[in-house]
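Read from first to last, the chains carry the letters A, B, C and D; within each, the first residue is number 1.
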Amino acid sequence: MTEILRTEGLSRYFGAVTAAEDINVTISEGEIVGVIGANGAGKTTFINMVTGYLPPSQGTIAFDGSPIKGMGPRKLMRKGLARSFQIPQLFLELPVIDNLAIALSAAEHRQFQMIRPVRTPERIKAADEILEQMNINHYRDEMVTAMPQGARKLLDIAIAMLGNPRMLLLDEPTSGVSMEEKYTLMDTVMEAVRQRGLTVLFVEHDMEIVQRYVSRILAFASGEVIKDGPVDEVLADAKVQELVTGKHHRTPEKEGDA
Amino acid sequence: MKLERTELSLIGVAIAIAILAQFSPNWLVFTLTLAISTALVVMGVVMLMRAGLVSFGQGLFYCLGGYAVGLGGRFLGITDALVLVGLGVVVTTVVAMILGLLMTRYREIFFAMLSLAFSMILYGILVKSHGLGSTDGFGVVDWTLLGFTPGDGQATTTALMLALVLALAIALFLNRYFKSSIGLACEAIRENEVRVEYMGISHRKVLYINYVLAAAVGSVGGSMTALAAGHVDPTMAYWTISGEFVFIAILGGTGHVAAPFIAALIFTLVRTYAVELAPNAWQMILGIVLLLIILFLPKGIWSLFTRKKGAAS
Amino acid sequence: MLTVWAILIDGFIYASWLFLVAAGLTVIYGVMRILNMAHGSLYALGAYAAASALGWYYAQGGDQLWIAFAIIAVSAILIGAISGLIIERGLLRLMYGRDEILMLIITFAVLLILEDVMKLVWGTTPYFAWQPYAAMGRFNIDVLTVSQYDLLVMALSVVIGLGLWFWLERTNMGKILRSIIHDREVSEAMGVNVRRMFTITFMIGATLGAIAGGVTAPIISVVPGIGVEVIVLAFAVVVTGGLGSITGAAVGAVIVGLARATSIHTMPELELFIIYAVMATVLVFRPHGLFGLAAARKI
Amino acid sequence: MTTQQPRLLKRTLLSVALASVGVMGLAGAANAQDDTFKVGFVTFLSGGASGPFGVPAAQGAEIVIDAINEGTLPAPYDSKGVNGLMLESVVVDEAGGPTKQVEEYRNLVQRQNVDAVIGYISSGDCLAIGPVAEEMEMFTIAFDCGTSRLFAELDDPQYMFRTGLDAVADNVGAARYLAETRPDAERIAGIQQNYAWGQDSWQDFTLAMEQLMPEAEIIANQTPQIFQGSYGTEISALQTERPEIIHSSMWGGDMESFVLQANARGLLAQADALLTTGESGLHRFDGQAPNGTILGGRGPFGAFMPDNELSEWFREAYEAEHGTPPSYPASKAAQAILALKYAADNSGAEGVPSSEQLAATLKGAEFPSVSGTVRMDLANGHQAVQPMYYGEYHYEDGEAELRNVRSYPGECVSAPDGYNAQQWIKEGFPGVDCD
């Protein structure tokens, strides 16, 4: 399998605070990797650095063999690196269809077109397809504000996938979603991912979800990767149990068990 | 190219106005010309508002357009109105392309204040230009239109026709622009810049293009005002004038390309009547009207003409 | 050398006046996120109230300086607090939660209304309450003279600045206000009566504006329109310093004051640009003003 | 908001808009009544110029208009009405800048159907209105604006008149007064509001000084912003230059504020102030200007009005109504109304005189006014020639008066036709007649 993402010595400091320290990770094409860790362990910082939102203090990042450090989200998206957000980043006051149409026009490099409407028949068709796949097609003409959290998460991920990425980073795709919905949501997402053959790295607190969908885990604590390996091996690790999962593979998390 | 309903209505209204103008008293024609010119500048404010930016300095471009007409006629000997308007657009575009590099870095109140600062700097330069009449300004030369010289009493109507044609062209363009990729990208930036970047769209570039276009549109408004009123002066760049444009933009709302025109006309009529009926309290009347609009029609007058679900709440 | 002294003295006198004018604006913005365009009208209201009260006092044959000062203080505080209360309770309260820019336009409407209200109440004839200013006397530095009234304004400005700092940093209410500034929703959830705090803040901000007008009244001829003239000035100072920061307003006032004095003494032709030039320059290098902080989006 | 409300509002708004356009259209078609003469009076009712200029002017005009309609003016204006017609005025606020004024002017002429327009304090407004008046062929009198460009830029005026002097006269007169009363002064400074009026005034004054007092040195000029109010820094800057004379064209509240501050700071003890519009503060300074401060009133207006029947009547009537003597803007407004009455009464028209008849009558006319006899001699009979007055402020026992008043005939302070004013001064006042 070919390597798609590699970080070496990646670190980030906020003043005296260390948010990420010496992260060395290599991910191969087609892998589905789970990222676990307590709050503040550096997971989101890691994603933010990889996707260009936060400049790293030290270290290097390579995507598809070429260095990408210093590139912003826009360039990285063009290279095939997309992400979703813990808090869905959507255009709340615009209809769902337009949220997708804008993404599609950007994917076509036609974001500066002034005369042609953004809602071309082709784009509407493509949007309808992904809405259907994500199972949120009934919100098509609603404002995003009318959507519940789970649907927003799906829309957020759908937008990320419209850029035809090769790798997708999902930041807590199930946070804020009720227990019952989580599996449906993840099933929908993972099905879409599989169809597109994407490499996925996702942050998740729920160990059952992690176990169910990933083949490999990165365990974060205090800004460092304390364990990297196959699911069973990582979850069995004493240090991971102590610092991340707790004894019963459960996180001391705010959502609890609905 | 197939025309959609809004476009047909816009063309229809323009033709109707052009016909009615032949039978209207001169003052109404003049007021209408000024209202249309004002609406063009307001259109620029609306373009920026759709991208989440509020300019308290759109008077800068209004004034540049006006002075281009004044100076072009006086020092370059240009008399053709279209060439003068074009000159304004060129000058304004150049200035906006330079300022835009800086302005697109700012948001919210800082954008508002910085745009105000640049407008006031132009005001200051013009006030200091004793040769251009300082605050008194100067008269615009008699102009022609494509070789036609408007005779006595025809100038007002000719100005209206020119304003109508230009405004119609701009309105048709903007109607499409607002629904285009870049138009929606502007709204997307207002909503969420982070997502826009993650979509692979440069928000700076989108804002930049939008800013320059808004400036050019504002310049046309300034040029038309100068051609109609026959006089330019630095007040055009003073911040209260820019404030008036924002006032009208909010009055109309950003929902539709026709909103600024309706708002500008209502604003002009309200002000004219207020000045006439209560010469000592017209500002108060304007203020109260504005408050009522904000209170009862938070999306502007245009929301009366739409029935979007939940839009009024 | 004389010019250097003159620049320093004039710069700081003007700066303290600017700070008085801008302080209320920045307090209201800091807590309430409202850029109050009607602040200039409150300044004018204070000036009119003080000038007409002083006029009445001197028409009665009064000649006590301290009573005159008491009259300025009482009339400005009364009119500032009352109009602040009316504007906040009667209007702004209905509009909370609207967009920042829309709030600005709302206060612009208030400005338009107040301009005419003042004209209806006080007419258009200038009010001229020169007595306290003249009575304070002056002292000389070579040919240069300094009005002792100006020094008093400077002292008042320092007192108000320190008072605001103490209020926000050292009192219980200041703590609550800072929590509101930091996160309105959270403090609301913790049981803070945000609305009451808003009323108090707006009244204090409005009163500060009125006081600035009140102490300026004896220096100038109070005419319609003086409010509009100070708004942009106050805005420029506050934006230069960083919106919502008291320290910022003070530093902004000093920078603008000194820059302006330097220009008037050395290049009077540039005076018209100087404030905008200072503001634009600061914003180019510090996009949120000297003491302003960028708010990051949560993702 | 319920759904009914917007629909109701929409309907109301639409009908209001339609109705108003309809009414306005009708109003445009309707003719004015035959037994009244309608005049538009444009003056500042809001903003900084309203208090010292705009409102007193409106009051002065109102008093004269009322007296005209009652027939209580002294001779030769003792007939009732103008040309037998009731005089009705429509007052419009001059605030808002030239573009808005052009719009209001058109409204006055075409919607309100006025028969004449009198107004304009701001020079910018005058310059913008001039060509429009000519285009619309409407008899128009500028009563106060002072720009010398008005008739320089208006080729062959037919309908535009000015019954006041231009600012050149103010400043040439000021220089003459200095040359006569303070011939030894060497260090001259100035402070002007930073806009056209201030710049023009200072330019004309310094040019005239070069001619009349070549020994004197112009050492500094401060240009504070209009309506700035506090002039502490400018006063310091002037003090460090140690002037003997300070020329200022500031007006209204700004002028009063400056005098108050400069006096309290001792600047006016170090130097004499010459205030070209100082007359409007004569009864307001309350001793806050030192005795000997030189005041001008833009001609024979306000306290400079010569004693004649008209001026005595006006002074009394104004004081009875408003409690203070009329200041110069009030007199100038009164003069413009009198000019209108003169033109109407002598037009020989039946009923409402046309603009052509009014213009033909006023052109080159000589008519009695509150300021003495006004000769419309310049700009081909469209611009008044009047003497310029300066005097010194004197305050004693609560009474203010003017002393050492000197007058300069019109030919002494105004450029003859065919001369650009600045050129005229630079060439050493060719054709000047000061006797």
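Simple rule for what comes next: contacts are C-beta pairs under 8 Å (C-beta built on N, C-alpha and C of every residue); 3 or more make two chains touch, one makes a residue touch a chain.
From a predicted model like this one, the values you see are computed outputs, not experimental measurements.
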| item | value |
| --- | --- |
| A-B or C-D, whichever has more C-beta pairs in contact | C-D |
| Most central chain, Cα average position | B |
| Averaged-CA centre spacing for the pair chain B and chain A, given as whole angstrom | 43 |
| Chain A and chain D, separation of their C-alpha mean positions in angstrom | 73 |
| Distance between chain centroids, defined by C-alpha means - chain C, chain D (Å) | 35 |
| Distance between the centres, which are taken as Cα means, of chain C and chain B, whole angstrom | 33 |
| Interface hub residues of chain A, defined as touching at least two other chains | 53, 89 |
| Residues of chain B whose C-beta touches two or more other chains | 127-128, 192, 194, 280, 282-283 |
| Junction residues of chain C, two or more chains touched | 115-116, 119, 269, 272, 299 |
| Parts of chain C lying in touch with chain D, wherever the complex brings them together | 2-3, 6, 9-11, 13-14, 17, 115-116, 119, 123-126, 128, 130, 133-134, 138, 140, 143-147, 149-150, 216, 219-226, 229, 260-261, 264-265, 268-269, 271-272 |
| Chain D to chain C touching residues, read off their complex | 45-48, 50-52, 54-55, 194, 220-225, 227-230, 232-234, 236-237, 239-240, 242, 252-254, 256-257, 260-261, 263-267, 270, 284, 286, 288 |
| Of chain B, residues touching chain A in the complex | 173, 176-177, 179-185, 187-188, 190-192, 194-202, 205-206, 209, 310 |
| Touching residues on chain B, where the partner in the complex is chain C | 54, 102, 105-106, 108-110, 112-114, 116-118, 120-121, 124-125, 127-128, 192-194, 239-240, 243, 246-247, 250, 280-284, 286-288, 290-291, 294-295, 298 |
| Contact set on chain D toward chain B in their complex | 1, 3, 5-6, 9-10, 13, 17, 20-21, 24-25, 28-29, 45-46, 90-93, 97-99, 102-104, 106-107, 109-112, 123-124, 127-128, 131-132, 135, 147, 149, 153, 194-197, 199-200, 203 |
